[in-house]
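What follows is a pair of complexes built around chain A, which joins chain B in one and chain C in the other.
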Partner chain A sequence: MAIPLVEITLAGAIINASVHFVPVGGAPAAMATSTGVGTGTTQLAAGAGFTGLMAAAIMASQKGIDLSNPIHLAIILLSGAVGSMIMLALTMLLGQLIYVFGVGVVPAADKCEKDPITGDYQKSYITPGTTGHAVPTVCFISGLMGAALGGIGGGLAYIALKQLGFTSEVAGIIAVGFFFMNAVLASYNIGGTIEGFHDPKFKKIPNGIIASFIASLLTGVIVVGMSIGA
Partner chain B sequence: MDPTLLVLGALALSGAAATVAGCAEDLESDVGSQSNPNSQVQLGPQMGNIHRYFNKAISGEPVSYGLYVAAAGAVAWALLNMGLNVPIALIIGSGIAAFVHGAYSVSSYLGRIVGQSQNFGQPVYMDVVLSHLGPIVGHGFIAVFCMLLAAYLATSVLGNPFPLPLVALIFGITVGAIGSSTGDVHYGAEREYQKYPFGGGVPVANQGDIDIKAEYGIRNGMDSSYFCSKLGGPLTGLTFGLIIFLDGWRGIIGEIVGGDLVSKSIIAIVVGIVIVAIAAYLNRMVEVYARKKYGPYTDR
Partner chain C sequence: MSHGGGGHAAELYPENQVIVIGAILAIVGMYISQFFPQVSMLLGGLLASGATVAGANTTRRVAAYGLGTGVPSIGMVSLGLGAISTLAGVLLAGVAISQFNLPKELLYGIPIIVTVVSIVLGYIVGKLTVNPIGMKIPIMVESMTKLSLMGALSILGFCAAYAGGFYPDTIIEGTVKNGVIGLAFIAAGMAILHPFNACLGPNESHKRTLLLAIACGFITWFMFSIAKLDIVSSVASILLWGIVYREFVKQSLKDACSVLYTPELPKKEM
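For the complex of A and B:
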């Protein structure tokens, strides 16, 4: 009982941290008025996280997988991380194509003078009156890190629920709800838009992690209680 | 038949269905003006732009599509368990979801527009409701049916352990997140603001100043759908199709090349990382191309 409880608590904290890495510009980004992907934090993180959750669940259902074997657990978590990264990488790439060829803007970040990864100057490429647009390399890499963490968090929660004896169906539904809960908590902490790990808002990440840690611990206690009663 | 071939065929069909679903979903959100760009349609009358766009941001696109596809999946799941054959169960499930979609669309349009009528003079155009409802529900039906087909293949052939309604819910949320992130940008940043020169984001000061004239006559949602079907819709479909196909394909590669369970899984993970690395490289190439082609602003 103790190990799944710890796993659920950690999973919540990881999911919350993951959302802070994903570059989302919210509604303004849909008009190329701010940097990042043009949708909401919770929505995009959940879309990527659920793809990872399904990849982890498919791996966990393979014949011969033993949930008490650390190597098998690592494989499940990595599968979740990679599934989630594929989803977000392709979404950011194809979104980028629309920004560049459909809207005609240059990918540019507003929260840094130079891209910390490529060293490219950003400010002079930003349309006047906007706070950047599209997905420059630093945002893309940050998004990949967030997706990997999201997949690991979702997979870890699913494994913990399976270890508590829930069927795949019930574990899947609880994991989806659990993911949403922590993604929404992170979204409150972010407050709308974030460009990635180079954004000053990213420094608020400890608050989000603490909030999710407490909420996930409480959820874990309830879930363990459910498993005893079931 | 070789089971690997069967799985590969199911995966290809699933990827094709996902591609059609993604495209139809994005075009539906353009006809009906859903998601983030609809904030501008909502803002238009307040800026003096009386328009004939449909207006139905029922909720975030992922949540609303999660609802439709899960509703369709739940009905289909029940019918399958009653012994009905698969195609008919999927079609009836998608049909029920289409009614749910239509009901939400009408109530959303009337509620949103009436809320703006008194203060900003935006009329309720009943002909807009009647003419747009068919394309909205039609595109929605295609999107939901294709996702439900992909979800059915995932649960029956591709080894997904979740029940059909849960996979349908997850696919609906994922396709909504993709449509909102990719295709909607073409509608929000370009189509709604075509009167401004091509090649820039929309400054905050111009927001709400949407185009109300079409190429011929007064613009409506169907004009937007026609325009976005040239780039936004197909790329949204391609995104969802590639995600479904490549995520499954890496597992099949592992299955063919690997020996025991651990080596198969590691190969699948490595193939996945290679796919992600290629996407990151292509993203950088597009970024470099745009910087060279469009250049910096020199007249600040």
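For the complex of A and C:
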């Protein structure tokens, strides 16, 4: 009982943290006038997170996987992380192709003078009146980190629910609801758009984690109560 | 979209009135599905769409303040909380009966348990969005509570209508195992978040948004009727949808400053 409760609570906090890494551009990025992928936080995080959840669930249903073996648990979480990373990487890559070859803008980050990873200057490539374009290297790497965390969080929640004795279907639908709750709490904490870990808004991350921690603890208590009869 | 609302248009009906009517309709619909399974989709589905209309109305009120993350986020959180509280309510009743030797009649109270769980969950998550996170919307807590309630009622309403009852075995076997609850999750979510997302702007009017909300509720009902292969409800729902959607288009044309039908662009430059 206690271990799944701890796992669910941690999973919520990890999901919330993961959303802060994803480069979300929102409506301005849809017009290529802001850095990031042009859609909302919830949609991006949910898209990547669900792929991770599915990947983890598929790995968990393989023959010979034992939910009480820590190495097997690590494999399930890793599978979730990789599934989620592939999904978000493809989203960012295809978005990037459209931004560069379709719209014709240069990928540039607005929130840093120099790209912390490649060291390229960013400011001079930003069109006046806009806040950056497309998905520069630092945002791409940040997005991958976020996707990995999201997949681990979703997988951890699913494992905890399975350990409580729910069937795969019930565990899956509770995990989806749980993922949405934490992803939206994170997106309210961000308040619209974020570029990645170099964005000043990233410093608000503790508030989001605390909120998700409390909400997940409450959900965990409800879920443990539900599992007594299951 | 921080410019989400563009001010508050006058309300045709007070929000609380819509919430109470929507909740009562949806709960009555669940009991009809439970006791008269042969008409569960026809009446239960129709009444469950009352919950999505009430949810869409609350979305309109809270999203007009400008959430900063787009209207879909609050619709999805309402359905996420709704899915958790629906399953919690359905399973907790069984746990209470088996563990505390309570009478079996407690199962009839599942809609009430779901209501209570969703209100508690929505209230606490609403509080969290205000306190550590710092959303500056004055009606955030009450709106999250109402949206969580409406999400739960619409999921349980449509699931009960599909499965023909809200007993734990019926819901788990009839809707969770075959994945219909996923349809309830996303279709009801669309019906809650889409109306205001489509109608928002400086000239938003309550009548137009509500008409679209009712149309969305009916088309959700239509989807469930198709999924259940229920011919009578499918015909009834698509007819009702057609009538309401026609009204919505008429209202949109009436509200527009002027409607110009532009011809095709000329092939050659003149």
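Simple rule for what comes next: the second predicted complex is superposed on the first by the 228 of 230 C-alpha atoms of A that agree within 3 Å, B and C clash if a C-alpha of one lies under 4 Å from a C-alpha of the other, contacts with A are read in each partner's own complex, and residues count from 1 in each chain.
Definition applied: a contact is a pair of C-beta atoms (placed from the backbone, for glycine too) under 8 Å apart; a residue touches a chain by one contact, two chains touch by 3 or more.
Note that the structure is predicted; figures quoted are calculated from it, not measured.
Steric overlap between chain B and chain C is present once the structures are superposed on chain A. Once the two complexes are laid over each other on the shared chain, residue contacts for A:37 go to chain B alone; chain C is not touched. By the touch criterion defined above, A:185 reaches chain C but does not reach chain B.
Contact with both chain B and chain C is seen for A:27 once the two complexes are overlaid on the shared chain. Which of chain B and chain C touches more residues of chain A is settled by the count: it is B. Of the two partner chains, chain B and chain C are each touched by A:176.
Touch criterion met: A:46 reaches chain B and chain C at once. Contacts of A:215 after superposition on the shared chain: chain C is touched, whereas chain B is not. Common to the chain B and chain C contact sets on chain A are residues 26-27, 40, 43, 46, 169, 173, 176. In the complex of the two chains, the chain B residues touching chain A come out as 35-37, 39-40, 60-63, 154, 158-163, 166-167, 169-170, 173-174, 176-178, 180-186, 188-190, 192-193, 198-207, 231-232, 235-236, 238-239, 242-243, 246-247, 250-251, 261-262, 265-266, 268-269, 272-273, 275-276, 279-280, 282-284, 286-287, 289-291, 294-298, 300. Residues of chain A that touch chain C in their complex: 26-27, 40-43, 46, 167, 169-170, 173-174, 176-181, 184-185, 187-192, 207-208, 210-211, 214-215, 218-219, 222-223, 225-226, 228-230. Residues 1-2, 67-70, 72-74, 76-77, 79-84, 87-88, 91-92, 94-95, 98-99, 117, 121, 124-125, 128-129, 131-135, 172, 176-177, 179, 181-182, 185 of chain C are the ones that touch chain A when the two sit in their complex. Residues of chain A that touch chain B in their complex: 26-33, 37-40, 43-44, 46-48, 50-51, 53-55, 57-65, 71-72, 75, 78-79, 82-83, 85-87, 89-107, 118, 120-121, 124-130, 132-137, 140-141, 144, 168-169, 172-173, 176.
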